[in-house]
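Have a look at this one.
Note that the chains are named A, B, C and D in the order they appear, and that numbering of residues resets to 1 at the start of each chain.
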Amino acid sequence: MEKVSFIGLGAMGGAMARNVQRGGFTLGVYNRSPERAEPFRADGAAVYASASEAARASEAVVIMVTDPPALEAVLTGEDGLLAGLAGKGAGSGGDSTLVVNMSTVSPAATLAAAERVRAAGARFVDAPVSGTVKPAQDGTLVVLAGGEAADLDAAEPLLQTMGKAVVRCGPVGQATRLKLVLNLMLGGMMQCLAEGLSLADSQGIDGKAVLQALAGGPMGAGLYQMKGDMMLDGRFAKQFPVDLMFKDLNLVLETAGQAHLPLPMTAAVRESFSAARGLGYGEEDMAAVIKVLRRLHTG
Amino acid sequence: MEKVSFIGLGAMGGAMARNVQRGGFTLGVYNRSPERAEPFRADGAAVYASASEAARASEAVVIMVTDPPALEAVLTGEDGLLAGLAGKGAGSGGDSTLVVNMSTVSPAATLAAAERVRAAGARFVDAPVSGTVKPAQDGTLVVLAGGEAADLDAAEPLLQTMGKAVVRCGPVGQATRLKLVLNLMLGGMMQCLAEGLSLADSQGIDGKAVLQALAGGPMGAGLYQMKGDMMLDGRFAKQFPVDLMFKDLNLVLETAGQAHLPLPMTAAVRESFSAARGLGYGEEDMAAVIKVLRRLHTG
Amino acid sequence: MEKVSFIGLGAMGGAMARNVQRGGFTLGVYNRSPERAEPFRADGAAVYASASEAARASEAVVIMVTDPPALEAVLTGEDGLLAGLAGKGAGSGGDSTLVVNMSTVSPAATLAAAERVRAAGARFVDAPVSGTVKPAQDGTLVVLAGGEAADLDAAEPLLQTMGKAVVRCGPVGQATRLKLVLNLMLGGMMQCLAEGLSLADSQGIDGKAVLQALAGGPMGAGLYQMKGDMMLDGRFAKQFPVDLMFKDLNLVLETAGQAHLPLPMTAAVRESFSAARGLGYGEEDMAAVIKVLRRLHTG
Amino acid sequence: MEKVSFIGLGAMGGAMARNVQRGGFTLGVYNRSPERAEPFRADGAAVYASASEAARASEAVVIMVTDPPALEAVLTGEDGLLAGLAGKGAGSGGDSTLVVNMSTVSPAATLAAAERVRAAGARFVDAPVSGTVKPAQDGTLVVLAGGEAADLDAAEPLLQTMGKAVVRCGPVGQATRLKLVLNLMLGGMMQCLAEGLSLADSQGIDGKAVLQALAGGPMGAGLYQMKGDMMLDGRFAKQFPVDLMFKDLNLVLETAGQAHLPLPMTAAVRESFSAARGLGYGEEDMAAVIKVLRRLHTG
């Protein structure tokens, strides 16, 4: 597998595509807004006019778009990926095109996409990532990967260019489900930090001492330093917005509810993010959840 | 300051005392059960018959005992630390004995101890630690330190032998309050992990994939690997028991309540630990909180 | 308006239809399982073979079915209500058929039904009820009514036969939304009672003393006596099942979330009902939520 | 038993004392601020200069004061109730003075008071009430009564003058514990109403329709009408203040925690009242808890 197309060149996708190219693959790109593709053309990548064209030209297609409607737009229509795949004629098994969806969408949307891709004669791997722009640039994302074992084997070298670890989760859909689990924990850790820093503040303890005490100890997650600084400095420019976390926590609770599993902490965390939305912070970074406690505490 | 006494030679205290000796201080020890002191005698440490004797013989006294009654027993009585301090006669300022309490007790108990130690003519530093037996052995604890700046300066070289970081928090009492903040986060992270692993399990995802996905990413705290393994293996031998976490969460909520600060996530976490006690897991490790979800989920 | 058809003759609907007849309206009935219609035939009601026939024969049609698929089945198909309405030709204004949906479905399903009924030339009133079988039999339901003022005026005498109070809530959809509000409170009160009785039990207080103390005081809701007796006697035969309450609480939280309104108590209550499902009580009466606390408390 | 002293003539106590007199008992009164006793003197009651004097002059003494320090002030000192009881000499059994404490204090404070009263040779009944000023005036309180059966029999006619129901709960302390259970439910119902009205408001439903729909149905508690009107009108003059509810919920959770009983809903409710305090509503009526949601929702 040498020829790889990358669809979706946003902050995350663009950085990841660079790493695919650096990793020795022959890169082609497609982005809905074509100007984002130009820097890649300058560096020798093929630039396609549509997802369909990208599909026809490649052995593997990576998709990294922002939400389910964007994924839908990539897949469908006469210029869509599915049309392109169908036009190639079904390869057989390992010869068929490998579609790697790295966009985070719901398990249901993932399974639906997989079914349609397979119906168009291609293979599908479900590979959302954990990590934000910096690790995307550094190629140190954690990649969650779901699919048939042979397809995961085929995708592995490609995924390795983007991440420092590829965690295999089982069949298609399981990687997306694991992403949900991680987002449950991400939301929980944000609220945990918000409550810890707020308690410290109420006791006259400098928040920087909290972050310093966390660093390097058993609770020392990098997230705390990064988001703790934002909370203490009052910087809430979005990396991962409140609205998106709220959406994910809803999906977590819906999924858990269907499994008859109570999640009492996550339920409380969801309401905190709901309150952050009520206060108008929906488009700020999830670190803004601390402002709910600040508003309640000082009136 | 050369001569240091260490009172309390349990799993934590014993390891910490070793590091004080390795750090070049002239060590003396006292332990309520004298057999724990014998290995130190073999290695050249003075062994005292009482806390009073330890106080009289040293420039600094470190206390590392398990709970408020044990601290009370160290301080009071005719053989107690206070009696020993009083018997030395008040030194003046930097000459007086430096008492460093590293036991975790409540802010109120810390302040009360400080007052009595000062009344006996000595100086007091409040220095609870974050970390368990392994970092205590390795000298990589995080030491939280509260006290007068001059006293913290005096204690610093001693504390450095036991920890890789000494976090200054303000006057006496603030280090204990910061410890409460850390325990809020510790309890929150345990429940967070328990909910994450339970959701994964309900979706047919191997818990090891969750731990693998966390490792090294922004959420990658060592705690998750250590406690996650215990949860997945069903090993709940106590390091930090449910009962103690419940007690600390009560203290957190009481403290926050007095400050008019709501902590909705911590409140939910407290109830989960209460449920763990109701199910009979009070003396197991705090990782046993996951069993509450397992009992609810499978009936 | 004299001729009224009643569609849906279950425990609730059957009792309500009786009261319509007793109230002096000329009753016709239709039920999917025809045997339930026979007792009404014996009492002089017309029995229709389809919803379509019921629609054609009546000035007003009341629908009281159990869930959205059942409502869908009533409305659609060649024998469906919509076909029957369309076949009558659009009356104009007050002459057109009045469709009164008393089934509890979601606001979205209500609005969709209203749109289709109106497109078929009829008028629509949204009229879910508060109360269970006993008040349905006694004609003492509380009827929530949403619709155009003129349509509500037209429906009023009919609704009065079934309820002791008709609460007007605004346009179509608002009655269903008010029903959601009531179910939020119903779920909250059940958990409130469960926690109160469990605390009493843990303190050696007879639960009957709790119920006695509630009765007649400002907290004295009939619900507490009815459900409290069930909880104390361990009788959980379903009147309003756990599964249905869980579904409604999900709808409540989804609705509140869309409005950016946090509901921290309801979120905790939802998890308790989720736990009840996890323990296998989904099809028991909502009073079974107390068994979650009992399982946690005694192990 | 004819001669009864009433200690504590506040809004509640004054109204209750009137009903004791109307019930045919020979009334004496004592109040710390003597001007409150004057209207009773005008109506023929004896007015005492101290609790001690009241104790010496009566067969039964009712205490209705606001908090534990006030109770302590009544009991102790040379003019205190205990001194007065001791001075009478111990009666034997049914001859000894009957002390009926109707003040709401903690179970521990109740038990301590009982022990001291008994040591002074008198009998003790624990009789907190459910209900506020209006039922106190009307003699329609619910009286919770704990004590020895013979003492409860002796107290019954007296308690009947103040309440429409006397609920026997077991030995001394149990009535106070039942009061805690009722206050758990009171706090839960307040939050339940606050969430329900807030959801209604967010959906454009008039809160009066919610209250109307509740009235007379199975959820129809008088509390909802009274507090619902206050919430809708924005009247928060205190009858039962937020601070007191918060204190009681802490006591509830502490008691439940000691019994290893989780109370997830109550925990969430406590945080809502904590938030109300954080917003500065501590001295307003507990109905002000709805303002927490309003502040979160509208920013």
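The working rule: a residue touches a chain if its C-beta (ideal position, glycine included) is under 8 Å from a C-beta of that chain, and two chains touch if they have at least 3 such contacts.
This is a predicted model, so every value here is computed, not measured.
Participant: Which other chains touch chain C while also touching chain D?
Facilitator: A, B
Participant: Taking each chain's centre as the mean of its CA atoms, which one is most distant from chain C?
Facilitator: B
Participant: Tally the contacting C-beta pairs at the A-B interface and at the A-C interface, and name the larger one.
Facilitator: A-B
Participant: Where the centres are mean C-alpha positions, what is the separation of chain A from chain D, in Å?
Facilitator: Chain centres of chain A and chain D, defined by C-alpha means, are spaced 56 Å apart.
Participant: Using the average of all C-alpha atoms in each chain as its centre, how far is it in Å between chain B and chain D?
Facilitator: It comes to 42 Å between the two C-alpha centres.
Participant: Roughly how far is chain A from chain C, centre to centre by C-alpha average, rounded to an integer in Å?
Facilitator: It comes to 42 Å between the two C-alpha centres.
Participant: Give the residues of chain D touching no fewer than two other chains, as numbers and ranges.
Facilitator: In chain D, the residues touching two or more other chains are 256, 260-264, 267-268, 271-272, 275, 278, 296-297.
Participant: Could you pull out which chain D residues touch chain B in their complex?
Facilitator: 246, 250, 253-254, 256-257, 260-264, 267-268, 270-272, 274-275, 277-278, 282
Participant: For chain B, which residues count as touching chain C in their complex?
Facilitator: Per the touch definition, chain B meets chain C at residues 264, 268, 275, 278-280, 292, 295-299.
Participant: Which residues, counting only chain B, touch chain A once they are in their complex?
Facilitator: By the definition above, chain B touches chain A via 130-132, 135, 140, 142, 144, 164-165, 167-170, 174, 177-178, 180-182, 184-186, 188-189, 191-193, 195-200, 202-206, 209-210, 212-223, 226, 252, 255-256, 259-269, 271-272, 293, 296-297.
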